[in-house]
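Each of the next two complexes has subunit A plus one other chain: subunit B in the first, subunit C in the second.
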Partner chain A sequence: MPLELIKEKWSNKIDVVTIGATKAEGGTRSKAIKVGGETGLPYLLEESEMPHKPVIAMEIFDVAPDDWPDTLKDPYGEVLNNPLEWAMKCENEFKADLLTIRLSGIHPDAQNRSEEDTVKLINEITAKVKLPLIILGCGDDAKDNLILPRCAEITKGERCLIGDAVQKNYKTIVAACLAYGHSIIAESPIDINIAKQLNILISEMGLPQERIVINPTVGALGYGMEYAYSIMERARIAAFGGDKMLSQPFICFVGQEAWRAKEAKAKISEFPEWGNEKERGILWEAVTASAFLQAGADILIMRHPKAIEIVKKHIEELIKN
Partner chain B sequence: MFIVGELINGMYKNVRQALETKDKKIIQDIAKKQTEAGASALDVNCGPASRNPKDDIKWMVEAIQEVVDTPLCMDSTKTDVIEAGLSTAKNKTIINSTGADKEKLDILVPMALKYKSSLIGLAMNKKGVPQDKFQRLELAATIVTYCQENNFPVSNLYLDPIVLPVNVAQAQAQEVLGALHEFKLLSDPAPKTIVGLSNVSQGAPDRSLINRTFLVMAQCAGLDGAILDPLDKNLMDALITAELILNKQIYCDSFLDAYKKK
Partner chain C sequence: MAFSGLDIYKLLPKTNCRKCGFPTCLAFAMQLAKKAVSVEKCPEITAAAKAALEASAQPPIKLITVGEGEQKLEIGNENVLFRHEEKFFHPAGVGIIINDAASDEEIKNRVEHVNKLSFERIGQQISVNLIAVRQAGSDKARFEAVVKKVAELTKLGIVLISADAASLKAAAAHIAKRKPIIHAANKENYQELAAAAKELSLPLVVKADTLEELSELIPAVNSAGANDLILQTGDKPVNKKIWDLTQIRRMPLKKNNRVFGYPSLTVIKSNDTYEQVIEACDYILKYTGIVLLEGFEAYQILPILTLRQNIYTDPQKPLQVEPKAYPIGQVNENSPVLITTNFSLSYYTVLGEVEASKIPAFLISVDTEGMSVLTAWAAEKFTPDKINESIKKFGIPEKVKHKNIVIPGYVAVMSGDLEEKSGYRIIVGPREAAGIPSFLKNIQKAG
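Our next item is the complex of A and B:
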């Protein structure tokens, strides 16, 4: 008798979130990207569908990052000091799917960049770069609540993804997303209960479930990756079982985590037995990303163009098989 | 938990009146309220007073479908009334119910197949209601075997161990709880289980308290579904909390609201 695979049938699916709006849809983006819609666990294409493949967003900063290793700086070179050119390079040279603008320079403990400077930058990028946009604050509640609503206002109609909303600070960002037609990133600290609670709080303000993306918070390979993986897996199983408050696509900040790891950054001169850091860092990011794809990641935020290339190819292979 | 709202039943005065005066709005209101309160399906029963139960059930099904897409549970002792309901239904259906007698199974199992309906099987036969867990198990096994032999998927079968009023048959509740657990061992995939909950408190004061206490105990014994009053808020809150404690729902601080968003 041939072996018959037992196929799982689920009652619920992941919501589809659209990022970016084309001219026809009231925006100025070159395309709109849809994520989510899975009807079963990742890449089990015999028993379920993944109508929208995972996408990778490249990440730029409003101020040059000061903690990047040379491996990561090399492919970008001078543009690290010019966010507009950096964004254009991501679109034209690296063919990114989406662009993430991280406003870390607005933090009061960093450069404390002003509202005007930020508005100017976002306007320039929106005019020159046509990728769907993800706009991230700096993590300081007061400054984010001042600047993110302005960013939402000037990008009205572009259907951006704006974040992060957290349990202690979500109302202002949700209100801005509601007012200007954007979607939101709901962040929880590797905690499925808080992820669910935050989604309820956000949807009770009237933002539809199809405009929420879950940032479950992840850790890099060697830094809690398995724990984050298990949280995502559990959330997905609950979602497919019918839990609408966990049925949103996942966004994973892989680049940020992977490039914090000593194993990704340390030079070969420090640890000769670890091998060349130029390859090691890229692999650290790519391997971390691959693991989260298997946990159900829909959007990966990544940094090194070479790592992105590897993971894109991997996604194509996973989808093909 | 598969929750079947029990309130559209000709035994209730408002439903009887709606049937007599053909007042759709009454039925539609109860359908909407039960669905909003969390019912996964709605029981539809014309009641013993109906003179034209076939026409009545059709009329009720049509009225309900105008306002909700909730699956409907065709509830009658007469097989032709059930079929009248099934033939009118647009959405998913459940047959409520067959017993373990061959004559009934011979009609209702093919009917369930024909209409792609789920089926509730009562652990009883024409000799009457069972007196202990073992009789319940034997009758349930008869139904499961019949379904397997006739290609009816057991995963679409809900076995009902027959809940009896605690004020007259006090020893039976424990037998029911034991049966719920053992029904699950009858086949793989296992049949589902369901109870007509309100019967446990029939004739007793403080019915809501008895209902919800028994429901939680039955959930602990593995119950999959219940025919109940979803507008009883205390009952629904107890049901949701029991699912949480049994790790069937992921905890969050607003867990009662979260359940209703399902």
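Our next item is the complex of A and C:
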């Protein structure tokens, strides 16, 4: 009797979201990147398709980060103090797929950077860097609602991904994405019901579901990774089963979480039994990232160039036919 | 897959002879389904029906035991494909491969290093489970000698890897009481190895390139007498491997396919510093029962063991610590008092930072039913009333003479309410535990 394998056939698939617009599409990006479109659980290519492979976005900040360990700062060197040069290095030297600009410095408790300074920075980056862009606020609702719409306006037609919209603060950002042709990141606190609810609220304002990506809020390896892992698996199973309001690609803020972990940051002198800090930090970020790939991540936001290189290579291996 | 009462009824004689003590065969079947009686009570049942019933009472994936004593490793007997459906029960075994071609000195050093690959995380010890000795050439005497030596040097479980059945049999016989795994039976040597595994009562890896070939080889190995099996498919790209592992898990659980009702094993081919770690983690996430790799550096093994700990945590029952006031260091009546939850991750993260600060302090873990600070706060398990109650219940008024309490920065909003209720002055601590050492130093300076 021939062996009968069990192949899952699902009724629904993940939406395809496009980030970046080329000249022909009304923008100035060197390429447009598509994510999503999966018809089944990750990398089971015998039973489902993954038309667009997961991508990695490198992350730069408008002000130099003050909590990065040396092992993470070293590959960047001086450019950490110059966001424009930093962005150019990501494009030219590290060959990033996409660029994430995180506006941490606009937070009132941080440098409280102004609208003018931010507009100037985004204009410079848009002119000099041709990667598709992800633009992130600082988490302070009032400041984000002031500055993100301006960022959306000056990048009109570039088809950026803008975030994060949260349940208590989404309207202004959705309106800006609608007005200037961008897509949105919808963030929920490791909660499948809130993720769905927020997608419904955003859709009700008229933003098509092909312009939403889900940020399920992830934890680092060893720091709650498994909660997000299971939430993502549950959401995907619901999506493939037919739930259109959970059928959006996932974005995972891996670098931000992994580099907070003690295991990624601590010097070997503090924990000699943990081994070399350089390789340890890189692996902490890379393993966090690859775990979420297995849960269905479509966009990974990462920091260490070596970790990014490793995960990129691993993605090629995962989609090899 | 367990049979229902009706499934069982179909297998019974349907004579209602009452010899089992029940009025009808159906009533007896219902009791059997509840496992309330033994099938032995039915004197009329056919042998075939009895065998089918006994088989259905077995778990769909067999539990396999490797090693002995404290280092005993149990794999298999899993019930679900996704951990949110219940939980993953038996954490995958992680093993380090050692080549018998290395010098005696190198082997000794390596084994002693691997013995120490054990770390404490959130109150649990996470460790490597296995050492795999791989025969590099065909020197049987060398393989036997190295296996004996390794067995002396470690208490960990042992995997014997060789292409030569005679070497495997000889080595296994030397250390049979350590319950090593024999790796691996293939279509050429399975008769010989299955006989050895049966004779010595040892687990045997059954290896074939494809699932189709495995489906033919496994019953042959069973017929040859070996029933404690671990399954392995050939070398292939990671996604194809994940497909094989997924099928080996799916078939017994979803189709009651007993041929594949065993745990699986993967051997990492890559020797790249990083790649082999990522690959091992993928296989742990996707159902492997054992993963063997050559990498042995702490920075490679710590992430693998941490990932395993994460993924095998019970999703319905977060790891918790006992709610109480823990004295950290040489505390006295002036020591600061910090509040956190009884969620293990919160507690141990805060504990680590308090210890790092070298400033003795009382750490109160409030009973939040294992929820983290923000989750517990949102679920009203971490409220001013609850915290006040804990302060009093755990004897803080008797333990310290000052009237200050430090709360996590994320719940700063409750300061006023808690101050009123407790009569203590509330100091808002940092949001992230990493800020605790400098915070404690500052409040110490401020006196």
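One rule holds in what follows: the second predicted complex is superposed on the first by the 319 of 321 C-alpha atoms of A that agree within 3 Å, B and C clash if a C-alpha of one lies under 4 Å from a C-alpha of the other, contacts with A are read in each partner's own complex, and residues count from 1 in each chain.
Basically, a residue touches a chain if its C-beta (ideal position, glycine included) is under 8 Å from a C-beta of that chain, and two chains touch if they have at least 3 such contacts.
Here the structure is a predicted model, which means the values were calculated and not measured.
Superposition of the two structures on subunit A leaves subunit B and subunit C fitting side by side, clash-free.
When the two complexes are overlaid, the chain among subunit B and subunit C that reaches more residues of subunit A is C. In the superposition on chain A, no contact is made by A:V55 with either subunit B or subunit C. After overlaying the two complexes on the shared chain, residue contacts for A:S203 are found with subunit B alone; subunit C is out of touch.
Within the superposed three-chain model, A:S290 lies in touch with subunit C and out of touch with subunit B [touch as defined at top].
With both structures placed on the common chain, the touch criterion links A:C90 to neither subunit B nor subunit C. In the overlay built on the shared chain, the residue A:I19 is in contact with neither subunit B nor subunit C.
After overlaying the two complexes on the shared chain, residue contacts for A:E226 are found with subunit C alone; subunit B is out of touch.
Look at A:R234: by the touch rule set out above, it reaches both subunit B and subunit C.
This overlay, made by fitting chain A, leaves subunit B and subunit C with a least C-alpha separation of 9 Å. Common to the subunit B and subunit C contact sets on subunit A are residues 234.
Of all residues in subunit A, only 192-194, 196-197, 200-201, 203-204, 234-235, 238, 242-246 touch subunit B in the complex they form.
Across the complex, subunit A is touched by residues 249-254, 257-258, 261-262 of subunit B.
In the complex of the two chains, the subunit A residues touching subunit C come out as 2-6, 43-46, 189, 221-227, 229-230, 233-234, 237, 260, 262-263, 273-277, 279-280, 282-284, 286-287, 290-291, 294, 306, 310-311, 313-314, 317-320. Partner subunit A is touched in their complex by these residues of subunit C: 82-84, 116, 119, 121, 211-212, 215, 237-239, 242-243, 246-247, 250-251, 254-255, 273-275, 277-279, 281-282, 285-286, 297-300, 302-304, 306-307, 309-311, 313, 315, 345, 349, 352, 372, 374, 432, 434.
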